[in-house]
Every structure is written in structure tokens, then in C-alpha cells.
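Here the chain labels run A, B, C and D in written order, and each chain numbers its own residues starting at 1.
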Amino acid sequence: MTLPMGRPMREIFGETVAELATDDPRIVMLDGDVGSSTRGDIFEQAHPDRYLQMGIAEQNMLGVAAGLATMGLIPFISTFVSFAVVRPLDQIRVLIAQTGLNVKITPGYAGLFTGMTGMSHIIVDDVSIMRAMPGMVTVSPADDVEAAQVLRWAAAYQGPVYVRLVRDATQRLFDESYRFEFGRAVTIREGRDVTLVSTGAQTPRTVDAAELLAAEGIDAHVVHVPTIKPLDVAAIVAAADRTGRVITVEEHTVIGGLGGAVAETLGEHRPTRIDRIGLQDLYIQSGPNDALLDIYGLSAARVSDRVRELLAASR
Amino acid sequence: MTLPMGRPMREIFGETVAELATDDPRIVMLDGDVGSSTRGDIFEQAHPDRYLQMGIAEQNMLGVAAGLATMGLIPFISTFVSFAVVRPLDQIRVLIAQTGLNVKITPGYAGLFTGMTGMSHIIVDDVSIMRAMPGMVTVSPADDVEAAQVLRWAAAYQGPVYVRLVRDATQRLFDESYRFEFGRAVTIREGRDVTLVSTGAQTPRTVDAAELLAAEGIDAHVVHVPTIKPLDVAAIVAAADRTGRVITVEEHTVIGGLGGAVAETLGEHRPTRIDRIGLQDLYIQSGPNDALLDIYGLSAARVSDRVRELLAASR
Amino acid sequence: MSGASAGTTTHADAGEVARLEEVARRIRVHVVRVVNHARGGHLGGPLSAADLLAALYFHAMRVRPEDPDWPDRDRFVLSKGHSSIGLYAAMALRGYFPEEELLTFDAAHSRLQGHPDMTRLPGLDMSTGSLGMGISAAMGIALGGRLTGHDIRAFVMLGDGECQEGEVWEAAMAAAKYRLDNLVAIIDHNRLQQFGWHGDGPDGRLPPQVPGELAGKWRAFGWRVLEVDGHDMAAILGVLDEAAHGDGRPTAVIADTVKGKGVSFMEGHYFWHTRLIKPEEFAQAMADLGEPAPAAEEAAR
Amino acid sequence: MSGASAGTTTHADAGEVARLEEVARRIRVHVVRVVNHARGGHLGGPLSAADLLAALYFHAMRVRPEDPDWPDRDRFVLSKGHSSIGLYAAMALRGYFPEEELLTFDAAHSRLQGHPDMTRLPGLDMSTGSLGMGISAAMGIALGGRLTGHDIRAFVMLGDGECQEGEVWEAAMAAAKYRLDNLVAIIDHNRLQQFGWHGDGPDGRLPPQVPGELAGKWRAFGWRVLEVDGHDMAAILGVLDEAAHGDGRPTAVIADTVKGKGVSFMEGHYFWHTRLIKPEEFAQAMADLGEPAPAAEEAAR
């Protein structure tokens, strides 16, 4: 059973923030000349006066967002992860994180799916960067359903947040009854043999991997972590206790991201063997989405293979 | 017994790179208008034609460095950590790390000692950022003796490196017989009760803390990790095995830095209880150096207190 | 450079000019005294900016020190955040907090951080310290004022060295596109930065400068440019009054200044950007600033 | 705009002009064909740049395709890295690698990455893709050439939208300080970027532009500016010849171009920056570019 496809998170972004802005005149969107890609253009259609084109000038864009926030507005940022997190990092640090101003950093193009752009556009370490930054909340929704809820939550939350969204359609994990709770991890599947901890659009593939493993008699416990910072420590510890063996799976470097967060937490609260599946300290080339998932070991099949290998090696 | 003071690493920087350049005409220095602070001015005196003032424009400076490297030159960067790592991060990523070009990112002003500047200048997460970046070597010397050796090694190493240097005088750990080896951790003190893993200018304070603990009957094993990436996995595992209990100590956030690296490594190779002493996800205010060490828990006395507390709690 | 172009619109009388000159003098005295006391902080930049800061806080800006969060206040962003002590001195003199508090500058737990920290000090409109950013934030304030219907002005002060930061030109480009004539950038054009290029001047470090270069850049980016002698108070008031009348473009006030202004041995020397003051230098500085000779204890911090 | 100002120094004969026009046409054919084949990549930018790329690789630059690492070669940095396919097509035609390899563009394991990756393809002088950076690297090359005694020139191509990036102005400032007259920046001034501001034009998205604005900015930053019609090959050759003679300043060649040039339905439309081509559109594009009608199979990728 493979999880079905959902809608691209970038469309959810344009639509949801536009809807939010209809009810809340404080919401504005700042675009770094990529609204036609991030689907900021949906917001522009609905609220042309509050769509603030900032041009190809991301450092200034984040700084302007800080200034707008001091005037009581709630800026959402429309650009790619690379140009929302890496290019204006000093501005985020000084003007947004250190001030606690109410700016929503909500770029599309997280992970490998960036339209065959290659390494200049594929950011493998955004979670490591944002998680290490004092005061920066980091949320990585699993699918379109959760993305919409995270964006609604972000608009209501007071303070800076980082929400990483995916460009293309990914698998749908949740149905409409799902409720995102900030700071809470979610158990997706109960199991006894190994605990898989996953985040973002990787979670559905991890769930599929768990089904493949189940067919071979390996019963995986699967936990989805939408809020990477602050981490749901109790849930992670409980999930580790369930099986005594943890493997994190993320569409991101294995250094300092979800895997790092879980390793730090378990080392402190419940020492447990933990392996980290993800990108192995390398840059990602261009190629079609499915080819990249396969090459870099993040398809359901390759994740299940790797989990099996790891379990076999440690038995 | 308190370790004596050494010379400020920034002076070592200016002198050592100037000396290296005397023998190697490929070495140039790029300054972001702070040579009088980083002591790049020592290099300027010696080699005025190879001291390239880039003005207050750090993004361009790192990009120029990449271009110079393609012409066979070996650029060293003179600025503060904030303006060498955070401001030009996208340029480092695309033009230096992804290309593997031979640029030496060697800023001063790592850690808390920045001349009472406050949070805009005190970078708490540079190791997390650089360690997560694919292909980026990260070295954090303990004192002036090691800093000189690391700079000499960096000049000879082919490829990008990040070396974090401290502005003010810090304690001297090593004598002139010490030899830095890239990628190797160093056991500073043998002990049986707890393993302290430390890096950078924090290591001497951690060694002093171990002496304070020894006076109370706690026998700490102390390992210094100059090369944070690539990490000396075997040494860390062996050090953990010595005592079965690990505490990392760093002048840096406890998220994703040395503590993160050690937690990831032990989780994978030898699950062990590990606590992380360092900055607790906060920004650092201005104040005299000693006051900051005390407030943020990184003086020898406060480290020893914290180690004692942690050991008592887990007994 | 003279304030002649602005002279026609100034309404400041001689009394106000003299009053503000005294404010500027007192800012300078605080700058030197506090930096000496703290054994840290910047000197050259705050001293060159003192007249401008006095004119802003005591003449141009609509603010209520007793109600620092007043929504309709004009905002000020010190983009050259290393001149924080100059701003703090101006704010203290204007009544935001007691002048004595200035001596906590740079100390642990102080509201007066080495670089401005808006989370600590009411009335501080933006945190700065990393150069090039303040103008972006000020642009956001000006744009936000328009979007929320607040008739406010955003003032931002930049260093001339700071204008090497690309972000400044990103902001200049975008502010012109949005025709933000409620945004006024004041550039403290003291011709020195921290270390800079070789050139002439007393230390051989006054970098080669092309006359009109800076003004030309701002004009090319679509800004109205007003030039003024940044130490001629009447001219400054005139130019700020002129800047208040928007013409559809953001305004850059290029103020020609002298780094270290007011302290004889600091004027024009790059190395007084930041440096420890010796006791005899402190006494000289107080004399230059028209203060009585300091107690030996204060001088010998 | 005409190439008249440059016409006096051009030595290109009519034969060379015709030859290079054909190279440019073939670059455009490759661009459309390969992007259609890859089902991804950019169109508008590579098409506007095709004539300039042909002139660079077949006339202005001293290179040896058979010895791509030749130390004395001129360097080229495509700062607007999203136009990679245009550069790859020029390089293939110039003999760096077989034209057939162009069809591997964007595929996994290809040397022809979505954005230029110098670690994969010999002859590629810099990796780019994040806008604003290439000019810094090119400045480093020009400066490095001087420091190492290599008489080389560094050419860099920027988008006009890209010039909004502050880093471009950091590089402009620094290159002028160093008087790098071996640095030539070519700005593909097609008046469109990816999404941009509202304005006029066919889609209401041609942002308001002030004539001479871009040239004024480069001049204000101390550069020599040469303006040219970026689709007039004789004029382009003339202006590049003129740029070869340094006058102590770095040179900006502002080339007025049409985004999507050569494909009727793409010209001047912002949304052809990057977009999937329909089969009937592909046939039309080939016709516009003077190619025979494509096989149905190729058109219907």
C-alpha cells in the first residue's frame, strides 16, 4: 500500500496565506521575485496591495519584514529555502531572531524537489542552521493537509517561525480530521522492532518503507516530528523505549538536523542506539524527483533496504 | 593550578599568516575593514601588495576569494566570525564549499570574547552551521600554540577550511612540543569517573575544571577536539568507554555543535549518557570577558559545579 | 560644503541652534566619558554623528520620551550600530532614561548594550550592529507606516563605510520603487571607516575619495539627495526640515562630518574608531569639549 | 539603441558577423530543443543572451577548447546561472564537448547541471545559480590575474534583475577601487526578471523602468559603461573590441535585449522565463528559428 499523492505544498502556501489575509488585515506577503514559483502569485491575485514585491534582494527583504513587523504587520516570506534561509541569514539572526519580531519565514523548495536545479538550489542543511539559531522555531510539515494547518498556526503564533515547504506534489499522509499541534510529535504506526523517526515530506515515504518492512516481518514504530524545534522530548524518549532501537529518516543532511536533535535528546535522556538515514554530507545534483530519491537513498524502497541492513548489522 | 595565559590568537593569526606568505607567494589576505581588530594589519605591514582590502562587503569578499583561488592563489579571510560565516554563508556554500576551492576562512572573534559588543557580534552557532555544510572542514584550536600550527596546516591543506580564532588572550594549554594533527582528538588528562570532551578556548577552562573536580575526588578524563569536522570517531568512542559517562563542554550553543557531533557519534557507535554544557539556546549580552564566562556557566568554577551536579543527579 | 541649499527652508531660530549645539556638546561629553568608563566602545563614529543626533531627537523627530511606544512617533534606526553610545546619550538627554544610566553602558545586564538591543531599551526602534541592515528595517517601517495608515517618518543613520554593504543598495533600490518619501537616510560622511584603504591624510589611511561619489550613487538609485555640513547646526535643521517634505522619492541627507569631531587629537584619525583612552588624553578631551578638568580617578579608569 | 558608438572600433567583417549570427541561431535552437527534451530549465534568459554568448565564445575570448585549463585563457562566469543551457550550447558549438551531450542537460549524473557546476565540466570557470555571486568571483579572477601576472580578461554576464542583488554593488564598488580594467561585465538588459513588479507590456508585468537607470548606476559606481543593441552582432563585436582596451576602469556592457528573443510567442513575456513547451509551441519555435519542422515524437516530449 503506497500513500496517495497530495497537492503541492506551494499551492497550499499561496491559497492558505491568501485566505488568512482575507480575515486578518495585518498579513502581508514579501516576494523575492519568485511568486510564480512559490505560488505567492495566488496571494497577489487576492490581495495585490499587500503583496510586496522586493525583487531579487533577499537580505533587504528579510530586513524589511522586520521593520514591517514593528508596525504590527505579519509578513510571510515567499522565496526558496536557499534564498530565505542561507542568503539572508545574518538579517534573520540580528533583525528577526534576536528581536523576536513576528516574521514568518515560509519558503518553498525544501528538500530535493526543486525542479531539476542542482546543488545551488537544493539546500541540505537548513534544519541544522535554523535549529541551532537561538529562538528560532522550526516546523517541517509532512503533507499538504499538515502544511495548511501549520501555516494557520504560524499566523496566530506570536514570534518568528521557520516553516519549510515543498515545491512539488508529495504523498498525502493525513486526512482532514488531523490536527497539527505545535511542539508535538505524532505516532503514525505502532510497532515493536525498531522506531523510525521522520519529518517533512520524508514521513510518508518512511511510512511506506514501514509497510515494506512489515511484509518482511519487521514491525516498525513510526513517529512523525513536524516541530523539529522545540522537539517533543517526551514523545521521542517514549518512542525509543518502545523498541530500544531508533533510526531517523530525513530528506536533509544527517548532520545536525532531525537526526542530530534526536541523538542529542536520547543521549541526554535515554541512551539508545540511533542511526541516521539521510543525505551523507554531500551536495545534490539535478535530476527528476524520483531519480534523486533513489540515488540518495530516500525512496521508500531504499529506506526499507537501509533499515533492514542496519538491523541486520546490529543483531 | 590554573593554566597560564597565552597570547591572543588574533596576533598569532596576523603573524603566522604573514610568515607563511613570506615563503609562499600564493598566499594573500582579504580584509573586511577590520584588519586593525583581527591583526590582519600585521600581514599588511609585511606584504602590502597581497593585503586585499575588500571594504565592508563580506559577500563580495568571499566571492572574490573563490575567484582568486581559481587563479592558484591561497586567500585567507580576515574578519569576525559573524561576518565571515553568517553574512556571506550563501557565497561560502556555492562558490567555496560546492567548488572545493582553496579558501581559508579564518576569522577572529569566536565565542564570547568580542570586546563587549553584545549579541550582534557574538556568534553562538558557527560550528553548527559550518559542520552541517557538506565538505566544510571545521577546526577550533585551544590556544595560541595550537592556533599557529592549525594555520600552518591550513595553508598546506588543499581545499576550504574553517578555523575559528579568539580575539583576546586565553589560557595556554600546550607547550611548544605539541603537534596538531588534523582530524585527531587529544587526550589531555586521564581519568576514570567522567569523560569531558571540549574544544577551542574552552578546553583550558575545562582542564582547570577537571583539576577543581579532582580536588573533590572526581577523576575526570579530558579530551580536546580541535578538529570538529571530520570528527575523530575512534577517539571519542574510546574516551566514552573509559568512563561510560560523557559531558561535552563548549563556548557555543549546545545545539548542533561539538555536543551534537559527539551525541550523533555515540548514538551510532556506542550509546552512552551524554550531557552538553554550553550556551542554552540564547543570545549573549555585552560585558567583560570574565563576567560573561561566569554568567553563561563557562568559567572553570561553573563548569566544575555543573559537572558535579550532573554526576550527582545521575547517580 | 555649506547648508545654503537648505538655508531657505529652515525655521530654526538662533536660540534653538544654540540650544541644540549645547545638546550636541553634551552628547560628545557623554560619549567620551562613558567609553572611558566602560573601557570599551566606539569614539570616532558617535562623535561625528553627535550634531545630527541632537538635531534628530530635539528637532526633527516627533517622539514622546514619556510614552516611548506611542504608535504615531517617528522612528529612528541607527544602522551604524557601533555608534550606540551617541544614540544612548541623545536619548538620555531627551528624557528617555536618566543620564546616570549611561555609565552602565557595555556592562553585563545593562539596557545599554554595546550595540543597540531593542528588546532591552524602550524607545529603541531597532536592534543593529551588523552593518547594512538598519536601512532595510527602516524601509520596512516606512512601508508599514503607509500600509497601516500611520503618518510617520522613518529616519535611519548610516556610516559612509557602511554604504559599501550591498544590502544598502538593495534597500535603496526597493525604497525608490515604493516611492517611500517618508524614509530619510542620513549618511554620516566622515570619510573614514574602521581600517579601510591606504590613501593620504595624517595616517596615510584616508582612502582616495571622488568628490560627489556618494551623492551620485544615491541619485543613480533614484533618491533625492540633500547635502549638508554635518557640524553646522543651522544647516542641519534646515536640511531636515526640507527632508520632511516628501517629493515622491526617499531622501538621502549626506552630511559631511569629521570623524572624532570635537576632540582635537581624535579628529580625522582612523584609529580612534575604537581605542582605549589614556588618562592625559581624557583630560585633553574634556578640555576640548569645554568641560572642567576631570578628577584623576575618572581620568585614570 | 545602436552600436554606432562602438562601430568605429569594430574590425569584424561581414563574413564574421554572418557566421556568428548563425552560431547564435544554433544556440537558440539548442536551448529550445534541450529544454523541451529535459522538461525543465529556463528559456527566456538563454534566448536573450544567445547573441552575446556567441560573440564571447567565438570572437572576444581567447580560449582553447581543446585545452580547457590553459592558464592564459580568458575566463567567463555566467552570473545569471539559470541561463546555463545557453552557455552549454555555446561551449558545445565551440568544441568543448559534443553537441549530442547537450541532451543530457538536467539529467542525473550529467556534466550539464541545471545550474553551472564547475566541478563536473572542464572549461566551466565558475559554479553559479544563486544570483549576484558570479561578478564577485569574476572580480577575484581579474584581480588574481593581475597578482599572478597573467594577462587575462574576466568576462561575467549578469541579468538586469540580478542587478537588484546587493552583492553586485559590493563587487562594483570593490572592482572600481582596484581599477580592474581586465574585468568586463555584460548585462543582459532584457527588462524582465522572473516575476517582478506590475507595469505595462503585454502581460501588465513589464516593470516601470527609467531610461538610462541601469547605466547610471554603473557609472556612479565608477565603471566605464558601453551600451549596445544586444541582438546586433556587428555592434556587439564592436563593443567587445572596445571593452578589450582598458582605460583603468572596469567595463559594464549594457546590452539591450528582448527576453525570449527569436521565438515569436516567447518574446517579451515574463512567463517564458521557465515553462513547459507544448508540442504545437515547439513546432512554432523551430519554424521561428529557421529549422525544419520537428518530428512529432520530439515535439511531444
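As a working rule, contacts are C-beta pairs under 8 Å (C-beta built on N, C-alpha and C of every residue); 3 or more make two chains touch, one makes a residue touch a chain.
Given the structure is predicted, the values throughout are model-derived calculations rather than measurements.
The chains in contact with chain B as well as with chain C are A, D.
With each centre defined as the average position of its C-alpha atoms, the distance from chain A to chain B rounds to 30 Å. For this pair, chain B with chain D, the centres built from the Cα atoms lie 42 Å apart.
Separating the CA-averaged centres of chain A and chain D is a span of 35 Å.
Residues of chain C found to touch two or more other chains are 117, 127-130, 132, 164-167, 170, 173-174, 177, 197.
For chain A, the set of residues that touch two or more other chains comprises 53, 55, 57, 59-60, 82-83, 87, 90, 93-94, 98, 119-120.
Interchain contacts join each chain to each other chain, per the touch definition above. Contacts from chain D toward chain C in the complex involve residues 132, 164-170, 173-174, 177, 197, 210, 213, 216-217, 219-222.
Across the complex, chain B is touched by residues 75, 77, 117-119, 125-130, 132-133, 135-145, 147-148, 150, 154, 166-167, 170-171, 173-174, 177 of chain D. Interface residues of chain C facing chain B in the complex, by the touch rule stated above, are 38, 40-41, 81, 106-110, 113-115, 117, 127-132, 161-162, 164-166, 193-198, 270-271, 273-274. Listing the residues of chain B that touch chain A in their complex gives 82-83, 86-87, 89-90, 93-94, 98, 119-120, 124-125, 128-129, 131-135, 246, 253-257, 259-264, 266-268, 271-276, 279, 281-283. Those residues of chain A lying in contact with chain C across their complex are 28, 49-50, 52-55, 57, 59-73, 90-91, 93-95, 98-100.
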